[in-house]
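Next come two complexes, and both contain chain A; in the first it sits with chain B, in the second with chain C.
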Partner chain A sequence: MFENTLSIMIFLPIVAGLALMVLPVGREAARAAGLVVAVLVVILGLKVFINFTGAGGLEFVEKTSWFAYVGVNYSLGVDGISLLVLLAGACLFPMVYLLLKTKSKGFYANLLLTQGAMIGAIAAADMVLFYIFWEVMLLPIFFMIGLFGGPNRLPATLKITLYTIAGSLLMLAAIVYVGVSYHAQAGVWSFDIAELSKLSLTGPAATAAFIFFMVAFAIKIPLFPFHTWLPDAYTEAPTAATFVLSAIMAKIGVYGVIRFVLPIFAEDFTRYALILCYSGVIGMMYCGIAAIGQKDFKRMLAFSSASHMGIIAVGVFCMNLQALTGTLYQIVAHATSTGVLFLLLGIIEERMETRTISDLGGIAYKAPIFAVFFAVAMLASVGLPGTSGFIGEFLIILGAVKFNMMVGVLAGTTLIIGVCYMLWMFQRVFFEKSNTRTEGFKDLSAIETLTILPIVVLIIVMGIYPQPFLARITPAAAEHLAAVSTVQQQLADTTVPVMEQTTQKN
Partner chain B sequence: MLDFIIILPLLVVGAGAIALMLLASMENLSEGSTALVSIGIFAFAFAVQLMVSVSGNVAPYETAFSGMLTASTFTKVAGLIILACGLFSCMIAQTYFTQNKFSSPEFYSLMMFAASGMLLLTMAAELITLFISLEIMSLAIYVLVGYDRSRIKRSEAVLKYLMLGAFAGAFFTMGAALIYGGAGSTRFALISKYLATNSFLESPVLVAGTLLVIVAFLFKVAAFPFHAWVVDVYDGAPLPVTGFMATGVKTAIFAVFANFIVLDNGMKGVWVDYLFYVAVFTMFAGNLIAIGQNNLKRMLAASGIVHSGYLIIALVAVGTENFTGGVIIFYLAAYAAATLGVFTALAYLGGTDERRDSFDDFKGLAKVRPYTAAAITIFMLSMAGIPPTAGFMGKFYIITDAIRADQMLLAVLGIVSSILSMWYYLRLVIMMYFKEPEESFEVSGVSLAPVGTMILAVSVFAIGFYPVFL
Partner chain C sequence: MEHTVSYLVLIPLLPLLGALLMGLMYLVSCKGKAFPEKIYGIIACIGPALTFILALKVYFGLKGLPEDSRYLVQDVFTWIKVGDLDISMGFFADPLSSLMLLFVTLIGTLIHVYSVGYMAKDENFGKFFAYLNLFLGSMLILVLGSSPVVMFVGWEGVGLCSYLLISYYSTETNNVIAGNKAFIVNRIGDLGFVLGMSLLFWAIGSGGFDYMSLRANAEQIGPGVGLAICLLLFVGATGKSAQIPLYVWLPDAMAGPTPVSALIHAATMVTAGVYMVARFSFIYAEVPAAGTVVAWIGILTALLAAIFGCFQRDIKKILAYSTVSQLGYMFAGVGVAAYSAGIFHVFTHAFFKALLFLGAGSVIYALHHEQDIWRMGGLKNKMPITYWTMLIGCLALAGCPPFSGFFSKDEILFMALASGHGGVWLVGVLVAAMTAFYTFRMFFVVFHGKPRDEHAYEHAHESPKVMTVPLIVLAVGACFAGYLNIPSIFGGHLGVSHWLAPSLTEHHPHVSVWLEVLAVATSIAAFGCGIFFAWKKFYVATAEEPFYTGLANFAYNKFMVDELYHYLLVVPYKLLGTAISKSIEPFVTDGPVKVVVWLYGALANAFKVVQVGYVRVYAIYMVIGLSVLSIFISRSLNL
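Then we have the complex of A and B:
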């Protein structure tokens, strides 16, 4: 029964999506079908989570030869690195179907395709397979923004598409380079991630490949200065697509860095880690300050999401156990909190037909449940102790201080900006005087409450009792870093002055 | 006897062409039935080609007809692609002629003559044979390009193509003569043997000869700097002919080009540096031309230049040892499926006199004809190299080959060029999906092209999931 779980999780949504596209079904039927599939995927995802042993290495492995000529396999698997990302990709989707207004069936078909492709990208254990899913993931997003987005959707669609495709094509060159290098060293073709991780590539060509990988992932995360597509795309996209982009797709970028770049390009990674860290910190500050100034609620959340992606990225670049564990944890924390925020915003937008912050006010008096949910997600997003966000951000900052005091201090203090804009926004939207527009705001219905409740509970549980999650990811993170730290040592012995601090504090 | 089995598909197509030419004298031969007959002949030849077994082990110069022809899995699959191109071009023609009335049975007959020239070309292992087959193909294509005499645009196209093509033919003849003078034989096998013992560079005659031959090939595949004719000619030719030219001619020439370039390692080594620049300039020149086009046919012509550039990358990367050509042939198959797919769709959407031919004419197609729009999107994605289509796998193999041959820079430039090409492929998709329709895209008459579109859309995926042929 467990042999094909991952394949089913990938292809059930894809097949359902294609079927919806071709068959003549109504909008409501499409939504219902999407919901059923999403719930099935959640069940399978939870099954994977529960049966995951955490012994290290891939579990739920599936492997079939595909293009024998160059050693490309159809191979899937989950390990501690991908487990939580997979969980986020599997479990958040039912909310979209339940909370937001019905759109055309094509919308739901695209949504299903995205989910399938994203789970595929997370579960792929072969680089080429990963690349295929990575690209397929973009196509439904392209159509969702282009067909169902806001008034300025066309430039936004073009921007995100050209950006991401440029990044991923460069990544293709890098993937092929890695494969060819493996062939040159081992004498056989393979794109298996576990095999390729044994490589340690150095030299100018390797640095070029490293940069290509980093550009592709930096665009997806998005890391400063590759973030310029984000505000437009997040704002113009229909809220469901924004949710997908911010809650899951951005995380796959981070996951890609951890999975591919860290082990294979350990040396270059170590060398450029500090620059990348600063790029993450600058992104945090820049997007945070930009968020303060926004008048549009959605644009503000977009910048806030980008700002928090900055700290997640910092966690990867610090390359120590605390930071990496924190990043993996924060991936889920951020996915749940931002996801809920965007969905609740979607509800406001549907009921009020406005997103301008100054048009809103006093929602808390009219809709207490809504306000409580929003508050919990918001506090998790700013990292209040007792919510999931605290654990992740705490671990990342701990690791960052260990890596480099300056980065740690900057990352820690920048979080204050997040508190500023979030609380100010909360005050303006939920308190203050209600106006004619918000007078009629209805609170969440029973179904909506029940839909969001599990996620809100999860946010709090993850904040109070993180052990079950940490236990599953820590061994894999430690194992993942073992290879890197030897390279770090060697480098520290030679030249780079920055690394001295790392060795002292380790 | 075995020799004749190798050229059996060629005989089928050639006989069909002659028979159809004779039947054309009969007054009461209807247009539709001619199309069906020629589709049948192509399908039959395809089946024959599929059944002709050549030994799986491919030494490039296994000989037939005492070294005049060569047959390998490479030539076999190239032949299959050419015959499939012929088949789908006939489907396009059938639909096209329901809206544009200048058809006569000779049209299909000429298509078959061209196809037999192409088949012979893929198998040619001797310079005279090569020249003859090149001319069989070219002459038929010249006539086809100018088939509609009523329009000035067609005459312009045929004049350009004929004049420049004649130059290329002359270059080729001169080159062949010089090679014969240098190596003492026109057979590839003997030239190869001669080069194995004598250094290529010591014989200026051979250098000049191969240069001229390569120039002729580059002209035919529209590589830089011989690409200027292609946009006008593809635009001016009737739609079915453009489709056939873009795919069939390219397949045939690249097959023989690959067979020629792997003659000798020393010889290839000399040209690789130049082909490197040719590949780079071809890709970027093609992209620059394509980005500026508003007409769909012209855009496809220019994107054909870009694809020639990718194929030249593959040529740069092929090894002379253990040559299989699998990468080249895979890319050609992927390219042919996608290009012909767009042309089949254009055949029934184009309307009378190819009325709808610019990007703007396809506004909102997805709302009116969602399935056609989806198919065109698939073809565009395949040409752009987005997974999981055949175009992606083709590009993946080419990049793999290039990096393996230590051509990292070429691989990266190829990638940069495909980023540029996203611009014009996506532009059509955006027109179809994100704009409001302005007309109803009504289609008249019974036509085969929609069937062809569907088959090709499926085969774009099928080829993508199918491992490399060789």
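Then we have the complex of A and C:
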């Protein structure tokens, strides 16, 4: 059965989700089923991670011809670029089933569907297949927010849906363009990602396609100024959906940029990299500063998450090995830390029935274990050495300094901006005096503790011993950058003024 | 491989394991019955004590090696390897780190012991010692890290512990704010550190990013980049070591328990910046301009803090400003390229300042958490051990010969003069006089004169042995630590400077003996002046707090720097945050989106007019449509 590991990881949740929708089962049964499936996916995900050799190229390949007349295949595979994204998508879900309660079984069904589709998008080795999963993963999110969200869920749902559909349409057009271009150059049809990556498209049409792709992914990440759907959607979504959106789905946007835009549009990418970097750092600063003005805990975390996504994106646009590796690493680091933060917030919301920061206080005295877990995730989020957050952020800043000193300095301010809002929030929620509401806050139960503990341990282990992860992703990142560096060299010869700083030897 | 040893990693690991163990014990027991304090106390002290023994082992290990190759290394595992960047989780001991190691572990151990007494009956006893051990472990990583990145792990780790311990009494909002302030201000410095480190890597890091390789390749750094690296790293130092403009967090940090102030905010962590500059002496020595900046920032900080120190009324705040001031001296030392003099002052300062803080703690403990010196007085007879040890500490701080502070401070001032930094020297002498003044102002008011608060005085008592024994040990250190580095003018041979020489890149200028005599004479004269004024003003039984007006009042209010920062930085930042979420976000960035939605709706409304819902109207539309279509078809077919 293990030749089809990836397919199982994709379709086990999808089939289970569909089955839950039609079968007459109760809410708790659905939760149990979801948990079993999620755990199975974790096991498979770990198996993929452990057996991954990192020799370069795709591993765990599955390939079946699908629409042969246009060269579309059902093909899956994992390489160093997608490995950690896949790991994040596979391993974090059991927490959701264990920690958060919801009103109906339909929610669990949707959660399963999302997970399957997301793993599909990550593992797809064919661009059309990627697009299909990309679209499918939006649907359950739509239902989760629209049906189970907060009081203002409908405008939020509408906004996120319109945004992402607009992005998707642009991406579809770009995919068609890329496919047609490949056909024109090679004489045969193919949507195989590895084949398409050999293309180097230039000219006005290519630039348009590049922009289409970038907009689609920028919306998903979200990159400033395409982020305005995020605060509403993250805040109104049920916490489990927020978790999915922030911890995993946003990363697929970054992954898409690395996977498609970087190799295929190497020239345009290089040309616009500086602007994109600024978009990333401005987004980081803007959202980070906005976070301090929030009264709603969840909205604050939403802005915080968006702020860190800005830095993660910068790592891609700097186009050097350290920054790109840092981004790929930070994808998991951010998924774990933000994921834990959102889930713990979900617990606060369930127990206190409020998310307003000023209503809380003194939780650390009532719930020390809860506070310690929260603190570890928070420190990882602000990039403290010894946690996973530091490795990624340090590599990104290091790479950014090389790419452009100004970008490096601005990216570095994340060190300061992050602690400002986080510590202030921590003070008001966990320290100071407890009030009548928080007086009754119960600490994590044994099961809850054991559920979060592995992720908290992972956060620390990834900070102290990151090499098993880095060793698996670095070769793929280097290979991926090879395409760009030749373009950089050419552009340097034709003297494009903006690029002067980036043309130093790698 | 005589340089590779296997015990270096144990030095930070032991306290870290202690922290982990105590942290888990605390978490497990916090819902039920807490473990007895004795168990925590033993676990807490055993780690630091063992590290001190290991520090001695390191020292003797180094001593057994030939002078030009005195170093020990241990690479535990590959930590971060991405392309050219290859950092191992490695530890590195050379004469410089061994000196740091010795006093950090010794004073760390003493303060752990003292804390067992001071923190007795605290309801979070276990948590406190978990934090304290975590701090010591981080500090030892900072000292022993074999590359700037590993050092940065300790660097941020001590910052975290500092935050946790400043806001230890976290029910009080002000304490937490002080903790936040410390963390955020340190983070501003850390940005400089990270950027400096990054520049350093891209300059010469591909040849190896450990200190030995960096030192070997230091010549390849261009002068411009070198200056940038030095200044950026120094930004990091100003954060951690509380120099202008980032000194503001340290006085507030006194909100933490007093042993914490002694260990973290006086003896060890705050000197990390000085250690870092000395560690990078191979770059700083190449860029004299950066050194000049460091020296001037240092000496001006010393002056500013000394001015504030003269007006404070909180005993811990006086000591805090004196720490800032002494740190300024240390930077003046490393700034004028007298790295060994700067480090030697770090060393002696650790003893007498830890002693002073612990002595102050003993006073505070005796007076039931009274910290205002103007409510103390006449404690001399009630607390003899505290009195005499404090006296030694004050004499050392004030730079009275032959106590330790005299030798180290004098060496810095002399080196400033000898290296041609006359201005730095002059300010330094002025600060020396002020130091003697404010130190003895505090001392006389607290221990002499009449008790100002009879009730508190009645209940005052000498502290238990667990607290006074560390005081005595530290007093011995404060007395005699100076003898390790006696200059030739007093018949010594600068033992510490020679010990440190292999780790540092420094040149000893050759100047006439008379210059040295001049420096020593002015230092002694400055001390004499300072103590004389203090004695005249405050050694009277009825001395009361003066009423400050004009400039003095301005200084009493610390030149309003905190308020300035508050209104210049904090308030605008918060306003910006609110502005973004209240105005910019809904109207500016989200505005176009809303406009599009509105236009779409308007368009729909426009079309709605024709959608009336009556079949007969639609029938007319159909007739019109069909007519138009048939006309169009007939035209196009030319019928």
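Rule of thumb we're sticking to: the second predicted complex is superposed on the first by the 502 of 506 C-alpha atoms of A that agree within 3 Å, B and C clash if a C-alpha of one lies under 4 Å from a C-alpha of the other, contacts with A are read in each partner's own complex, and residues count from 1 in each chain.
In this text, a residue touches a chain if its C-beta (ideal position, glycine included) is under 8 Å from a C-beta of that chain, and two chains touch if they have at least 3 such contacts.
The shown structure was predicted, so the numbers you read here are calculated from the model rather than taken from an experiment.
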Now for A:443: first (chain B), second (chain C), both, or neither, which partner does it touch?
-> second
Of the two partner chains, chain B (first) and chain C (second), which one does A:154 touch, if any: first, second, both, or neither?
-> first
Using the touch definition from the top, say if A:131 reaches chain B (first), chain C (second), both or neither.
-> first
Where does A:110 make contact in the superposed view: on chain B (first), on chain C (second), on both, or on neither?
-> neither
For A:69, select first, second, both or neither according to whether it touches chain B, chain C, the two together, or no partner.
-> first
Chain B versus chain C as contact partner of A:279, first or second or both or neither = neither
A:180 contacts which: chain B (first), chain C (second), both, neither?
-> first
Kindly classify A:327 by the partners it touches after superposition: chain B alone (first), chain C alone (second), both, or neither?
-> neither
Overlap of the chain B and chain C footprints on chain A, residue-wise?
-> 162
In the complex of these two chains, what residues of chain C are touching chain A?
-> 23, 26-27, 30-31, 77-83, 85, 89, 149, 152-153, 155-157, 160, 163, 167, 170-171, 173, 176-177, 179-180, 183-184, 187-188, 190-191, 194-195, 198-199, 201-202, 573-574, 576-582, 585, 589-590, 593, 597
Residue ranges of chain B in contact with chain A within the complex | 326, 374, 381, 385-388, 392-393, 395-397, 399-400, 403-404, 408, 411-412, 415, 418-419, 422-423, 426, 430, 433-434, 467-468
Please name which positions on chain A make contact with chain B in the complex.
-> 21, 66-70, 128, 131-132, 135-136, 139, 143, 146-147, 153-154, 157-158, 161-162, 165-166, 169-170, 172-173, 176-177, 179-180, 183, 205, 208
Going by the contact rule at the top, pick out the chain A residues touching chain C in the complex.
-> 159, 162, 225, 227-228, 231, 286, 289-294, 303, 321-322, 325-326, 362, 364-365, 368-369, 372, 379, 384-386, 390-391, 394-395, 397-398, 401-402, 408-409, 412-413, 415-416, 419-421, 423-424, 427, 431-433, 443, 464-467, 470-471, 474, 478
